[in-house]
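Input: structures, listed below.
Each of the next two complexes has subunit A plus one more chain, namely subunit B in the first and subunit C in the second.
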Partner chain A sequence: MAKPQAAVQNKRTFPFKHFVGYLFSIVLTLLAVWVAFESELPAKVIMNVIYIFAFLQAALQLLMFMHITETSNGRIQTGTILFAVFIAITVAAGSVWVMSAGHS
Partner chain B sequence: MGNAHQQTHEGLPLEYRSETGKLNILGFWIFLGAEIALFSTLFATYMVLTGRTAGGPTPQELFEMKGVLTQTFLLLTSSFTCGLAIHQMRLGNLKGIYVWLGLTLALGAGFLGFEIYEFMQYVHEGATIGTSAFWSAFFVLAGTHGVHVAFGIGWIGLIMLQLAKRGLTPETSAKVFISSLYWHFLDVVWIFIFTSVYLSGMVMSHG
Partner chain C sequence: MKWDEFFVTGDPLIYGADVAIAVTVLAIVSVLTYFKRWGWLWREWLTTVDHKKIGIMYLISAILMLFRGGVDALIMRTQLAVPNAGFLNSQHYNEIFTTHGTIMIIFMAMPFLIGLMNVVVPLQIGARDVAYPYLNAVSFWTFFMGAMLFNISFVIGGSPSAGWTSYMPLASNELSPGPGQNYYLLGLQISGIGTLLTGINFIVTILKMRAPGMTLLRMPIFTWSTLVTSIIIVFAFPILTVALALMTFDRLFGSHFFTLSGEGLDMLWANLFWLWGHPEVYIVILPAFGIFSEIISTFSRKTLFGYKAMVYSMIIIAALSFLVWVHHFFTMGTGALVNSVFSITTMAIGIPTGVKIFNWLFTMYKGRIQFTTPMLWSLGFIVNFVIGGVTGVMLAMAAADYQYHNTYFLVAHFHYVLIAGTVFACFAGFHYWYPKMFGHKLNEKIGKWCFWLFMIGFNVCFMPMYFLGLAGMPRRIYTYDPESGWFSLNFVATIGAFLMGAAFILLVYNIYYSIRRQKPEVSGDPWDGRTLEWATDGAIPPHYNFAVIPKVTGLDAFWRLKKEKQRERIDDAILPIHMPSHSGKPFMMSVFFFISGFGLVFEWFWMGIVGAVGVLVIMILRSLECDKGYYVSVEEIKRDLSSIKQ
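Our next item is the complex of A and B:
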């Protein structure tokens, strides 16, 4: 079970993954700002787009910086976080829906 | 999992090599799952109370994109430098860890400075935690995140002291790695505060 995983060991000295993660995070942040203030899209579309960008950025952090899939525990770690995200979306989106449905 | 090979994870980075280190890291991921649930309740409260300003100041009047973007880039960069510290740790370079972690903490302190200034500005303009339901939710959400950042600075600082005392061992490296997970997580939470509090708040004003 605990067999060595060569893929985990970071022999390369240049932290390629980190630079890619950082670059894309900056791009996604700036894109979100642009969409929010300059794009002239309907508010609903803007909201959807910036939330998609936020989740993408969160995934970048988890994969590029936090190495969530590393070692034989990677699956459990990923499963735990995905479950927590499910709970979070249920709590947040569910609350908003419950409090706005039926009255304005 | 319950196998008896204590030191057989030869191909793995130092922080995973002891069974304790590996399990502590897994345990911390489970803790982060609980933190996500905690923050989700604060986000839910905030989203539900959006617009409940009770005739007081509105976020559209007080939010300022410049300061918020500065905060965002400070924290984002600190998450990056924190990752570089882990990269140095895996190369066995203790000095590199100090440099990048030190920079991480400095950027984190800069973020906190901006946030405290922002809060003071709001209070000055008449939006305190007691002004309206909206501002209560705002200060609790952003404040809980800020307190996490402050705690992280102290925690990582102490771990750096321990590193200086004990050097890189399976135990200390697991602690450094776990505190790095915590720091990255704070950036993840901030991304959502940035999106659902600041960006959304301002889109709704001209949408």
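Our next item is the complex of A and C:
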């Protein structure tokens, strides 16, 4: 178990982590917009690229903003993440399934 | 835009409402000015971060909204009492069922329950406040401003009329022009911020601020239900936020997420709405289950039967609540496989709910039951909720749902679960915890009259609707022919609705009567309770809740303390208490949210921007603020304690 980083946090330094995370989030979003509107790729490829960007950004935000590595109780953290993944997949994949089934 | 387009004109009902609003505002302003209470209002209420006061403000708002939603209901029932009635035209009827549904769910049921959570949960876990008191004030004020924004729609600009579900394309610019639908979008968006923050706040509060010795499986069941509800809120509300934002873009900025043109997917709105909407159903029913569990256990003088089964069934319900949303639109015509899957998940959710019903029955088994008003509401719940639940399983069968869909059978079903579940719980919890908030009980005799009147009225109103539904009466129609044969049952339903209205008046009268006549409670334990909220010194807890945080040795912590006679306080154990300072920023920020929302409703973008800038400025001010709270001194605590003992 990683030690709590309270000591590090109390020091008033420039929040590089947040800054870099923010920058990368914007870049990833703009890239997704560019791929969707400007690139000449086929629709399926575009969808997959956007999926990948979305998951990258989710991971990035968890790492940079959401303190995922700072915990004293790994079990709760794991449980929460698993439940969140479950809900995310239900919402995203479930919607695609419901909206496309019966229309093919 | 001209002034006669800005204000709604031409309808005598609306003019009446205009006058009523003007008179009420004038009355409030003059009373506050006459008694010089503006400063008191600001210091004690508008800037408070105390969870009990915020809870009380939630409850007052919820009762006001219950009145508004109830009047909407009575107007609808009046229109439907006889065939071909001309009381309302179709547009007005549409507006009223839309505001009735939206207000009752978003601005009545949820705030009522969140209000009770606010008052009770920190006390139940032996905490001095919630984890983020400032955020709690932001929650309340954004909810309140969102609710007010939605409510002014019927006199300024016109109400939304596309149903509380706001299905596209009906809710689009083409079919619902004007600001009405925008009110729905912005009102829900702003109050949704508050709900989401409440969810986060209570998760952290319950996980991090429990009294020493209170393990997760020693928490009172209402606290458990709040925790599970908060988790559902945190996962479900972002879906609503996104869906509302997308529709706002469609309406204000011409995007095509849900429109018929430009390859929009209209049914995607229904899909997203119910992805939030079904968990929302459990957001308003799980705390209700928690309230009933507390009350049934207290008044059966027994510990809750199957505590662990209760906890696990709630967790299972929470997970399943995200897997059933398609049952709201089986008739969309997606494949048989999809409908079958969601049929099965829907029926599965009946299992943990059934477990809970039996646990309540076994809690009462061989208990010494006291028929107090809260207990009557709880018993009424069990019977009526089962009727709603069983008809719910009937609706869950996709093939049969093609018959029931969009009929009064459905209307009867969801009123049986929402009123007999949530509203009964609100009233039960309100009576039960009322002495904790105001220091005296509500009058039992009036309370029982209120219960019987409401319960009978409820059944007279909604039982006929099952049969109207089976006779083919569709929901959301503003009138019907005499040949339809629906007249007599509709007339009976209207009588029931007015009985419920009378019961509401009794409830309000009971509050008035009890303030004047009920004797004040001397102890903090008027019902011989079992959980820590009854362990406070004095009938109304001081703002820091507990002079000394109690130690928890097991389930029903306060009951155990009473049995072990460990209530003598050691004065040396009193230490200075750290409390958060008051702040006016949450209120001011929410006013800016209101301004921004109002601007966007009318597409006055300058005003929207002004409001948004105001919100940002207050956020920045808050970020730069250095506020470490303050300490309540030992002398003050001892002074409070001795004043209670006298």
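Some notes on this structure:
We take it that the second predicted complex is superposed on the first by the 71 of 104 C-alpha atoms of A that agree within 3 Å, B and C clash if a C-alpha of one lies under 4 Å from a C-alpha of the other, contacts with A are read in each partner's own complex, and residues count from 1 in each chain.
Rule of thumb we're sticking to: a contact is a pair of C-beta atoms (placed from the backbone, for glycine too) under 8 Å apart; a residue touches a chain by one contact, two chains touch by 3 or more.
If you're wondering where the values come from, they're calculated on a predicted model, not measured in any experiment.
With both structures placed on the common chain, the touch criterion links A:Ala54 to subunit B but leaves subunit C unconnected.
For subunit A, the partner with contacts to more residues, out of subunit B and subunit C, is B. Look at A:Thr13: by the touch rule set out above, it reaches subunit B but stays clear of subunit C. Contacts of A:Ala84 after superposition: both subunit B and subunit C are touched.
Within the superposed three-chain model, A:Leu31 lies out of touch with both subunit B and subunit C [touch as defined at top]. Using the contact criterion defined above for the overlaid structures, shared-chain residue A:Met99 touches subunit B and also reaches subunit C. Across the superposed pair, subunit B and subunit C both touch subunit A at residues 76, 83-84, 87, 91, 94-95, 99.
Residues of subunit C that touch subunit A in their complex: 207, 231, 235, 239, 265, 267-268, 271-272, 275, 319, 322-323, 326, 333-335, 337-338.
Those residues of subunit A whose C-beta lies close enough to touch subunit C in the complex are 76, 83-84, 86-87, 90-91, 94-95, 97-99, 101-103.
On the side of subunit A, the complex with subunit B involves touching residues 1-2, 4-6, 8-10, 13, 15, 18, 21-22, 25-26, 29, 32-33, 36-37, 42-43, 46-47, 50-51, 53-54, 57-58, 61-62, 64-66, 68, 70-71, 73, 76-77, 80-81, 83-85, 87-89, 91-92, 94-96, 99. The touching residues of subunit B, when paired with subunit A in their complex, are 1, 3, 5, 8-13, 16, 22, 25-26, 29-30, 32-34, 36-37, 39-41, 43-45, 47-48, 65, 69, 72-73, 76-77, 79-80, 82-84, 87, 90-91, 180-181, 184-185, 187-188, 191-192, 194-196, 199-200, 202-204, 207.
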